[in-house]
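Per-chain residue numbering starts at 1, and chain names A, B and C are given in the order in which the chains are listed.
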């Protein structure tokens, strides 16, 4: 019983390098950014944050929010179906592995390569565009403009769907096969089993994964920039312009944009923690 | 709703998976209110039998009748069955009480009735104070009690227990199986228990069916199975036996110098030599005898009874006797051995079969205590 | 008795219906998986064809060759490979000793460091650049000039995945028992680490390294905005004028990523995939 701090001390020493590293290269930069966003000309001020509400910037947040929400919901729904198809039923192992490894690649795939892949496919000179044009005379690149909001939705789905599938696979795996059998023996129909048992058990991981998809899309920069540049008004692209000095430099306001983005992402990820904590008490 | 315990009849059930026959023309009937235990090694088809009865598998041939009605192709939920699985069958997002009340909720029972019935059943399984806990907060034994209460809440006509105790600790297992027997007697529900634990089957089954290769090898009371097994497999599966070499003669077999009747004339091998008699350890009698052919090797205390292990003409024999008598046979003592019964089961000789079967015996009918 | 009447009717049709339903489910599953594969593969195949062919000419490397002529692709590629190697090595050097120490001496702190390790999840790369730009320009103006100033930021971005992959590997080891056994045989701590722990952690180390490399290979936002010339940055520059060359390079990048992750899946520790950091 000498002193508890003496015994804890070595522990902190072990965690110190990681803590210092993260402080210098993550926490301090982010802290500096947040402080900057609340200071104008050396004084505390809410002016920069308030400027986020100006129509042009508010619109960027709304567009980014919509893009993230839409791709999270569509990608989430399709990804959920894909996870279901992968997790249940019998199928050859090679097929399972192929889809799984592809999902891993697509969900991790870097933005730039993905953007060019889609330009090669659906761009004006894109292979599929040209093929469809020759066969039917219909110009796909006019209907689906990649450098537009709907084009971005399409391309984002390419990583959102597999990401959802990968996130949901373990959840499907945790559904015990005894549950439907027990429910049927107690008098449940297939529908009642889904509504009463499967859905309540699955919704925390589903909601949590959707929130992750949302945050994932909200912070995405490379894909959007390589595809659309300034043609779609998105927060990450705006921030990019401010950093690279393409627009008039206003350090405090640029920081405010970043702070706004971090607030949205932190809110989504925080909500995810809350949602998933709920289901943790359930597991055996 | 009155509780009607149903008669169950499975006739000529066959079932194959990918060309492998799991059930082979199986017949099984259960009397109303009885607890029938299906016992067998893994892969013998006992679980498939339960699943066919539950409607979770459709047989390739044969029929399932419950309470006189053909249920062969009825869906699970129309059969009036309650099931307790081996583990993990409770719905994790519902409390114990909600789990128990779920079947009643599906049946449209009022909230107050559901609550009262759930409380009553949780009381019966001794978990009244855990009603609001979720499965994750309950121990394995408690979860199985809740599962039992849940299965009984809908007043099933047939209760199916699919290895309900095999995932539990030994101590909990022994305690809970007695609880199951008590609750089953109390509710009077026709019950099928599937298990690979012979002790469990013999202690709580009204009747026990031993399965092998998709068929029922023998069906009878625990006493019948233990005392008059039809085959060597049954004899060795439901208890410990000694294999002692025997010679066929006219009118029976010669075992340890005594002429005995053959208890299994239908299944016994026809040859006169290369035979072994299967004798239970408590059916052998020891006598201190300086000229005897047996030498005591060790004594194993099992409680009220002890086992004397002895070397008899190069093989080890196990003899069970009351502990207070066992003291007379110290290691290295010379003894003579004889058979107490008038009839034995005969099988062809197995080379180097160990004489003592693994598990100690405790069988209520025989008054044994662990 | 009502029960009997209720079940009597469906009894006849049930088997046919059940069989139908099962096959309908299987058909649905097959359709979904086939559609997913088509959706995944179509852009890849199109990219490969687009990148390595010219109309009426078949397979050719001309577009790539023309676009690359007079550029310094080698330098950019080398930059990216250097960055991948340094970031990976840096992550391992930082995390392996830290995690081993904490698992052995202060397991109570693991919850805290685990929490720390996921903080980068809530900071998109673009936000990190913005903050880093502000902070280091004020504190150490010379720092960001060097290409290798990217290394710590890449380490931050890959931290959640690398941490989890290593932590899972160590947890699977039962490190304390292994350590005690090694010590009881007279090994010094460094000997225990080199001879006992690291060989057993090979799978986790490989997995963490591959994940880290895959992410660095595709990272664009930080490098581009801090004005460093890496392979993805080069690809965007080329892509502005030469879509075919960009497609060819993209296809090669995707192929490389796939190879890395395939090796990862083979090594058996690929369950930590959760969030891409390079878009």
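Going forward, a residue touches a chain if its C-beta (ideal position, glycine included) is under 8 Å from a C-beta of that chain, and two chains touch if they have at least 3 such contacts.
In UniProt terms, the chains line up like this: A = ABC transporter; B = ABC-type quaternary amine transporter; C = Permease.
Note that this is a predicted model, so its numbers are computed, not measured.
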{"item": "Of all other chains, the one whose Cα centre sits farthest from chain A", "value": "B"}
{"item": "Comparison of A-C and A-B by number of C-beta pairs in contact, larger one", "value": "A-C"}
{"item": "Distance from chain C to chain B - Cα centre to Cα centre, in angstrom", "value": "53"}
{"item": "Chain centre separation in whole Å, for chain C relative to chain A (CA means)", "value": "15"}
{"item": "For chain A paired with chain B, centre-to-centre distance based on mean C-alpha positions, whole Å", "value": "55"}
{"item": "Chain A: positions in contact with at least two other chains", "value": "none"}
{"item": "Two or more partner chains touched - positions in chain B", "value": "75, 79"}
{"item": "Chain C to chain A touching residues, read off their complex", "value": "25-26, 28-30, 32-33, 36-37, 39-44, 46-47, 49-51, 94-95, 97-98, 101-102, 105-106, 108-109, 112-113, 116, 119-136, 138, 152-153, 155-156, 159, 214-215, 217-221, 224-225, 227, 232, 235-236, 239, 243-244, 246-247, 249-251, 253-254, 257-258, 261-262, 265, 270, 273-276, 278-279"}
{"item": "Chain B contact footprint on chain A (complex, rising order)", "value": "176, 178-179, 181-189, 192, 196-197, 200-201, 279, 281-284"}
{"item": "Residues of chain B that touch chain A when the two form their complex", "value": "54-56, 75-77, 79, 81-83, 85, 87-93, 102-103, 106-107, 134-137, 143, 147, 150-151, 154, 160"}
{"item": "In the complex with chain C, residue positions of chain A that touch it", "value": "8, 10-12, 14-15, 17-19, 21-22, 24-33, 36, 81-82, 84-86, 88-91, 95, 97-121, 123, 125-128, 158-159, 161-163, 165-167, 212, 215-216, 218-226, 236, 239-240, 242-244, 251, 254-255, 257-258, 261-262, 265-266, 269"}
